[in-house]
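First the structure, then my questions, so here it is.
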Amino acid sequence: MARHEFDSVEFHSTIGSHPPVLRIEPGDTVVTATVDAGGWDARGRQVAAPGNPQTGPFFVTGAEPGDALEVRFDRIWPNRDRAVASTSIAPRVLEPEYLQELSSVTPERVFAEWHVDTKQGTAMLMSPETGLGHLVLPIDPMLGCFGVAPDRGQAISTATSGPYGGNMDYRGFRVGVTVSLPVFVEGALFFVGDGHALQGEGEIAGTGLEISMDVEFSVALRKRAGIRWPRGESREHMFTVGNARPMDQAIQHATTEMVRWLQNDLCMDALGVHTLMGQCVEYDVGNVYDPAYTMVCKISKGLLAGLRRAPA
Amino acid sequence: MARHEFDSVEFHSTIGSHPPVLRIEPGDTVVTATVDAGGWDARGRQVAAPGNPQTGPFFVTGAEPGDALEVRFDRIWPNRDRAVASTSIAPRVLEPEYLQELSSVTPERVFAEWHVDTKQGTAMLMSPETGLGHLVLPIDPMLGCFGVAPDRGQAISTATSGPYGGNMDYRGFRVGVTVSLPVFVEGALFFVGDGHALQGEGEIAGTGLEISMDVEFSVALRKRAGIRWPRGESREHMFTVGNARPMDQAIQHATTEMVRWLQNDLCMDALGVHTLMGQCVEYDVGNVYDPAYTMVCKISKGLLAGLRRAPA
Amino acid sequence: MARHEFDSVEFHSTIGSHPPVLRIEPGDTVVTATVDAGGWDARGRQVAAPGNPQTGPFFVTGAEPGDALEVRFDRIWPNRDRAVASTSIAPRVLEPEYLQELSSVTPERVFAEWHVDTKQGTAMLMSPETGLGHLVLPIDPMLGCFGVAPDRGQAISTATSGPYGGNMDYRGFRVGVTVSLPVFVEGALFFVGDGHALQGEGEIAGTGLEISMDVEFSVALRKRAGIRWPRGESREHMFTVGNARPMDQAIQHATTEMVRWLQNDLCMDALGVHTLMGQCVEYDVGNVYDPAYTMVCKISKGLLAGLRRAPA
Amino acid sequence: MARHEFDSVEFHSTIGSHPPVLRIEPGDTVVTATVDAGGWDARGRQVAAPGNPQTGPFFVTGAEPGDALEVRFDRIWPNRDRAVASTSIAPRVLEPEYLQELSSVTPERVFAEWHVDTKQGTAMLMSPETGLGHLVLPIDPMLGCFGVAPDRGQAISTATSGPYGGNMDYRGFRVGVTVSLPVFVEGALFFVGDGHALQGEGEIAGTGLEISMDVEFSVALRKRAGIRWPRGESREHMFTVGNARPMDQAIQHATTEMVRWLQNDLCMDALGVHTLMGQCVEYDVGNVYDPAYTMVCKISKGLLAGLRRAPA
């Protein structure tokens, strides 16, 4: 149950079987930091090339293919006061016919600057000048991109995502959440980066409020868990994550993984699982911007707890 | 501001330019009932063929193509105690590779029976026997299918949806919500049906708890509104609805309609709209079962109200 | 085996259960004409509203739901010398990111005029001025939109398509081809229109060379055929047609219908069908422009004939 | 203009920046061999792990990011007489509703064995027993998977594809064709593998007739070509390749790349390009099985040659 303070000096723009920066044990906690999507750190220095540079990888002793790596996010909080964000909705999220019309009405692609008050937990729009004025929003810090090394020796761009995690840009990946990732290589090799002080659902502008973060996480291992896609638990929900395009395929992965969870891991009967999910399932949109889109399937933990208490 | 009590004896399985059953004025309220998706009414008699039979159409005096018909749902509540529901998740929402595996583990397609306690506002699973036992859930009544006659003299199956509304199966269409529909024909010709006592997001089993409903709604007219897709307002949100396949196209329609609403109707500047939506937009999944899927784009009304109070 | 000369004066912009304009018997031939997509006839008069106005419907005696209506196209040839065509590729067929760039480089949407020499069988580009000069192309006349009345009393816009046919814009619908359509209503109610002197695959500009046509077709009936999607035969191929969005769904319908044809109608064994299709299937893109896209699955008739001659 | 005989002993299951096995000059020819998708070589020995193992990479002197690597396939011919193939159409190519039905009618997934007569150029089905008997088909050898190292230091599974090439499974990649690939890293790093003696369009069963091949190819370099997706030339056509899911996105990439080719490289005017493609474009389906689907956009070279001869 060691607590490691790790100060990263090297960053990766792919998630793959890179040499580990630190070896940790199940139960350990890591206190570290992430640079922003553009590679800028807490002190405003660009220390990595742009494109969601990752801190890590962390080698988890005992992790083997087929296991699940559980990562609990204990702290995700901005460590500086300046965030940047896109100011244009991505073409792929708008009607194709609208785009030609749009190009005559929107200005050049500019980046917005936001001032983040880490004590108040707010962000204020500083520029450009828009009708929003100095809009102030409560922040809701999250991690856009994290994951474990994929199979076959692949090294995959941090622009996209898959069964191993990656750039999912789901605002539900916030503090207090535990995420399970399928392990594909020895040691799992966990990466983390791309913090957003705030992000709309879908990440439709292609960015959140991009900022460097203080991150603290703890790991555990579930041997031979046999999960196929990321799973997570928040206080209220258990959830599964599908990453693919189109959204129709992402939702198939997320939904099927939830069926497997309830049926194989929680040992519910097939008819009960289908009946329950049909009337009680919830969905979140992760992102509809990255090369793979992200859909999240959720079930209320309170609902499940009720089921177990009540004899049939 | 008349209040019409209308008892329907004829039902339609297409939404189109059928002869109106009642002529009403903007400001009027209609108190009526809908039969369930299978055509069964409050007294358990099958009075229409299955497939989301609709009550209506209601002709709204003064409505012309280009206007928006505003419908406020004042009451949506089950008028009997028996609901039926599917017990299998639709193949199109699961991984194709999983389906062949699935057919050996799931029983035949059976329908579940639920007992609805309209006083308590709960539903209890009566059959089939599953590990859920007699699961009791709070109901959350909604209307799965409603809309106005589409353009070109079309009559479109109540299985699907489009810019005119139709079978959207969005659980956000509940009491207290006001929906705006683009008017395509004189009188608008409003239809309503397909009540669900409860439904999971996505309607992934292909049904909610299908039940007949007491429905009360009031209409208003916004002349030359020029909306292109359904819009709505709940207490917390303004929202737009896109109906299409794949989900990627549905979300394009919903998102673009929200841009138009903020920019053209609320007169916000383009840069402000994109900046705001990028960080604050929310999405709901309507249905991912019907021939056209439904995605909903939402913005918090409180957030917008704050914007207007604060000078830039 | 009557031969009917039918001169249409009324046209429909939906395919639905409209009053028949002519009653014919299986085995009969109809000699008629179609107006172009904009409603203009052989003499250059606009006699119908734009949007693929249809000639028909023709009531085929004895046709009942579950039957297949076989339509053989005996003649499809332009009956005037002027065609019009779009000059811009549709936004939905181009990369979203390219569209904003594009709007600054392409001129306003203009229509090209083509002069069709019906004796030589060629089309010459007359305007606008482009680097193509007076490009001359051999024509290859086809029908973009035809079908039978759909189920449930629907009347569906001639902009789109479905199991009943409709606006499929497949250049393989040319003279000599026999098309089978699933019958949904008594008399089948066959419609025909939207001739193209020539069209690229995918109809990516949204039009072919739009022109009025002389059309001659003969009908036959296959009782209780139980087909689900349009099927066809050319000299070289048997083919099946799927109409849906995205293309991924259209190709599922076409492929599954071919499996059914080979397995249920030609009585091949399942393993043989899958093995054969895996290595010998061909696909054509119908359209990727209309609300429903069209994909065509083909098998060589020579290949199948060879199979039947050779004992296993 | 050297001619290298290269006998590979090491194979890669990712396309990435691996150490080159041979350094060649533009103009050089390489005579080598590929193992089959399962890793079996000409002599029937399994020398690599399954999953489209690649021969290479070949480092091309002078190749830099932004260039195009031109690869002409001079020889692609089976070097043994045994091929294997799947006998079941992939679930993702069939209607979801059909799949549950299907599992009860198709046998277990078995592999077919084919005997390839490399002199006659034919393949004969040897097993399993089906109604096809000992079906004999002419072979049409092609390469399913080849490409150059992608950007960002990625190493991507040979199961999928992208702008760099990869597992495109397009039957048009046959002898005589020249393919241009965008160069992302110094030396380009060209890989080649996954030969099919024959394959249906779409590779809908997930395999062709998988076989090891003798392969001969020659390379050239086009500096600062700025292409974004693979391009190719056969005797009759110039073509562009888009790799993505859904097919709708793959066709957008292919179509846009053809617009760029005609407009930027062949210096045609925008209006001419759109007018010509609208009426003359052709499409092929590469694969609809792999994680990324492949669509091919084609223009007749004879048509373009005609354009250049004729003054406007």
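Note that the chains take the letters A, B, C and D in the order they are written out, and that residue 1 is the start of every chain.
Criterion: contacts are C-beta pairs under 8 Å (C-beta built on N, C-alpha and C of every residue); 3 or more make two chains touch, one makes a residue touch a chain.
On a predicted model such as this, the values are computed, not experimentally measured, just so you know.
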{"item": "Chain C and chain B - chains in contact with each", "value": "A, D"}
{"item": "Farthest chain (mean CA position) relative to chain A", "value": "C"}
{"item": "CA centroid of chain A to CA centroid of chain D, Å", "value": "34"}
{"item": "Averaged-CA centre spacing for the pair chain D and chain C, given as whole angstrom", "value": "32"}
{"item": "Chain centre separation (chain B, chain D; CA means) in Å", "value": "46"}
{"item": "For chain A, residues that touch 2 or more chains besides their own", "value": "92, 94, 96, 245-246, 248"}
{"item": "Chain A partner contacts - residues on chain C that touch it in the complex", "value": "90-92, 94, 96-97, 99-104, 246"}
{"item": "Contacting residues of chain D [partner chain C, same complex]", "value": "85-89, 92-96, 98, 105-107, 110, 112, 125, 128-135, 137, 198-202, 204-209, 245-248, 251-253, 255-256, 259, 268-272, 274-285, 288, 293, 307, 310-312"}
{"item": "Contacting residues of chain C [partner chain B, same complex]", "value": "13-14, 16, 51, 151-157, 244-246, 248-249"}
